[in-house]
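Provided herewith is a single structure, encoded as structure tokens, for subsequent inquiry.
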């Protein structure tokens, strides 16, 4: 197989991920791509979406630039264009990992899966740590190693206080993304609002079907022929946040509620892992109550 | 490939489909299979399901018997066993086709698909005819040939009267199964109740998500990542009938409402066709608000 | 729902589809998008792919321009950029339909499906006509209406001559795309070569598994748990052409060879329809022995 | 939800799994079910398959019997019927776990997944131990705990000797099932033959496509639109053993060979886990070069 043409060059290049959205109008691609070109940049990937209903424009551009172009100098070069189009935008060095805090409760399958993928290099993240309302021993079968762990038990009475502790952890660790990996606790409106767009939950049903508690039992009672799971950004409005990813599996009359739970674990872990991956790679942009997810 | 071992024999054998359900208790399979054996029968296929939650037993048995065993004589031989277990049961000659009445409205994709599959021999049915609230000319691109067609227009005011006409058609044609192939009209409670278990509807969403009108627009607004369709038995309780079959397809932010409608047409037609086929083959048994569907 | 922001404007705008590929190097997007902007154009959709292994660049751009910009004037404006990057490119008015010739044999399920989708407006094509080695009466259940039909029977002896007739039909109808909708005849190397990139075949297996004849019987004998179909561009090298689309369905030990054929019909028709649709929309670009398919 | 009707009774009942196959002829179900009934048994699940092409009959029956019925006494009661029909059969106490030996090499994703499912109670097995051609330290991120581990390095020269050691491990541990969880070594014909029907391999392609080495690279080169994995019983004929389970995922031109490998890991682990589970539950029966897999 021939060598990647960039392989030589790559050593001296820095890779950037740019995401942007604004009101759509002619000239955006031209302005952005020309600015990148003038910076000595080479566009590796460009995906865009013009929402013809809301009139909004979204894009994600991956480009390489000479290693002497820092994030700050690239931002400086792009700023005037961004201002001209009144863009909401982010730019980051692609090798820069996000810090992810994983919240978990009694069920550990999503945690196990995220840890495995992280170790296998599938997820561009550093783990800021793990928070659980169960003690560390609960996860003794997992190799948590020296990952920071906070045991933050919670009761109705201590909810407010516990969230304060959680906020403390998020702040002190410099967490970029909070993942509710079957955390089973509802965040307060205030915290959900403050984390908007950087907190992903996995709901164990194919939303909007079977909101609320015990969705597999609801699915069993209704006799559906497929069950699913949904990863979404958390909002104050429970199970109504913008959907990032969903998937389903076929079930039959033979599946007991326990069988649905078992099949569901598989769906949950792959749906959550995909959503986290897409988010980390800058592929997910918020479009009001929905998401734009640029495919990989 | 070796010849089917039954091919010789088959010419002189009659094939029966037996479905039965009752309260589960030991000895059912033994009693049924022994009766069939004593009848000179040979079981081709036997599927059963014991619902451990409701304590009900369901089965479907396909068996061959000498050609001189009529449906009536087989029924006579089976009756004592059925009585002993207080079974709800049906027996029919497998070559006997059901009479199916197809109700349709402006969208013809499900009708087109059912007609194609019927002509291709995929569906063990005779078409009793087609009922529409649109005139026959609406379907001039379809080869309706000499299939009976009733144009039964409907308005709020004439709904009761139109249903009387519909009942007349069902009766005079000896219809076994009514298929609402995107009929777009809600049956009255009375008619839904009278047709219970022999009237299948296709709903253009993955129930219980997006009940009611314009489900694809609801799905678009919610930003789901998969859309689906659901075939179910019709009940007075709209979109709540026992589900027979469901399927989904992946969608993205690129799909407009029109795009969802287009993708949906594909899902609807295959889901409805499967449900009708399963019903015609005696694979679907009602289990309270759910179904048992024995796989083919 | 808010109005499409372009709805007013759209009446006076013309929509273009531009596809291009060349050796990848910096500046392509900038040059193209700036040229389009200077033409008064507004990019609606831009998808690109840089193949890091072969070093080739591919894109598809949909843009709108004032109605007074003709295809020729747009081509004139773009030509210098295209020359600079040594691009292989096409530009067409998006409302301009391709002329499609459908070749069919005894099995009509793909033909039926293409005709239905064409009538439903799912495929941006005009049907140049239908060619079959069976007479028109074979398809009497289909509403061929006044579609041109050529009965071109074929035998080993007349193959060369029949292909000459076929070439004649392609030429006189100005056919843009030839679709082998279960045509069951192998094109000669010469014809396959001449039609390269504009002739799509549906193979009834999940290639590269089960090449050649009777793939469903091969699949049955091997005991696979999924069967599939493959749409690909035709090359002289049978069943080895660039793959455009594939799909599968689950099968079990219960499926007879006839059952596989039945399930296969469903897969074939949807895989072929998708491939044809992608081709017509300019989403498929050849990348040596593979394809780039920009998602819709 | 109502209680399981058997819950009271269950404490004093023993659950058996019976699998059997023979030449098909009338009376089998009657004879078996009557014998079970006379034993005081209650059939919980009965699935059967009559292969009309080979004329062979297969079934799997789960039944409960009073706790005083031992496996041996049940076998004694069933033996005469089994003899009469010349059946190949097995009977086991459903709570009796199989002993499974997992063979692994450098890639640990399947091992990780099997261990997780085992701990979660999804797999009715005891782990006899793990064999690898890599040292135990390779898996330090996994909680192997006190699971027996054999490091059996292998070279061309030591292959015969290493297999002798492997045979020793299988024997001394009383292994029922050997799982090649990406073991990457080809078993000798002799060992493959000796383990026939109790050794499962995961092949990282959708067989029969891409046999042999580096299947993901083969798939990349061919440009397929779906990749898959296949779990099969091992035979001397490499990649030709009876297929137990397969699955696929969609890929596009964007997927690099590394991307295929990553997606493939997900497919491999779920396909292998399903195959192992089906085997352990007695759902997989060999039918010459194919399998009968009774659905759960």
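The chains carry the letters A, B, C and D, assigned in the order they are written, with residues numbered from 1 in each.
Please note the rule applied: a residue touches a chain if its C-beta (ideal position, glycine included) is under 8 Å from a C-beta of that chain, and two chains touch if they have at least 3 such contacts.
Just so it is clear, the model here is predicted, and its values are computed rather than measured.
Chemist: Return the chain whose centre of C-alpha atoms lies at maximal distance from the corresponding centre of chain D.
Modeler: Taking each chain's C-alpha mean as its centre, the farthest from chain D is C.
Chemist: Between B-C and B-D, which chain pair is linked by the larger number of C-beta contacts?
Modeler: Between B-D and B-C, contacts are more numerous in B-D.
Chemist: Would you kindly tell me how far, in whole Å, the mean C-alpha position of chain B lies from that of chain A?
Modeler: Roughly 42 Å, centre to centre.
Chemist: What's the distance between the Cα centroids of chain B and chain D, rounded to whole Å?
Modeler: Measuring from centre to centre gives 36 Å for this pair.
Chemist: When you check chain B against every other chain, which residues touch at least two of them?
Modeler: 1, 52-53, 252, 254, 295
Chemist: So that we know how the chains sit together, what is the shape of their touch graph: line, ring, star, complete or other?
Modeler: Contact map by chain: complete.
Chemist: Touching chain D in the complex: which residues of chain C?
Modeler: These residues of chain C touch chain D: 49, 51-53, 206-210, 221-226, 228, 242-248, 252-254, 256, 287, 289-293, 295.
Chemist: Which residues of chain C touch chain B once you look at their complex with the stated criterion?
Modeler: Chain C reaches chain B through residues 1, 109, 112, 116, 119-120, 122, 140-143, 145, 217, 252, 254, 259, 262, 265-266, 270, 295-296.
Chemist: Once bound in the complex, which stretches of chain C touch chain A?
Modeler: 1-2, 4-6, 24-30, 33-34, 36-37, 40-48, 50, 52-55, 295
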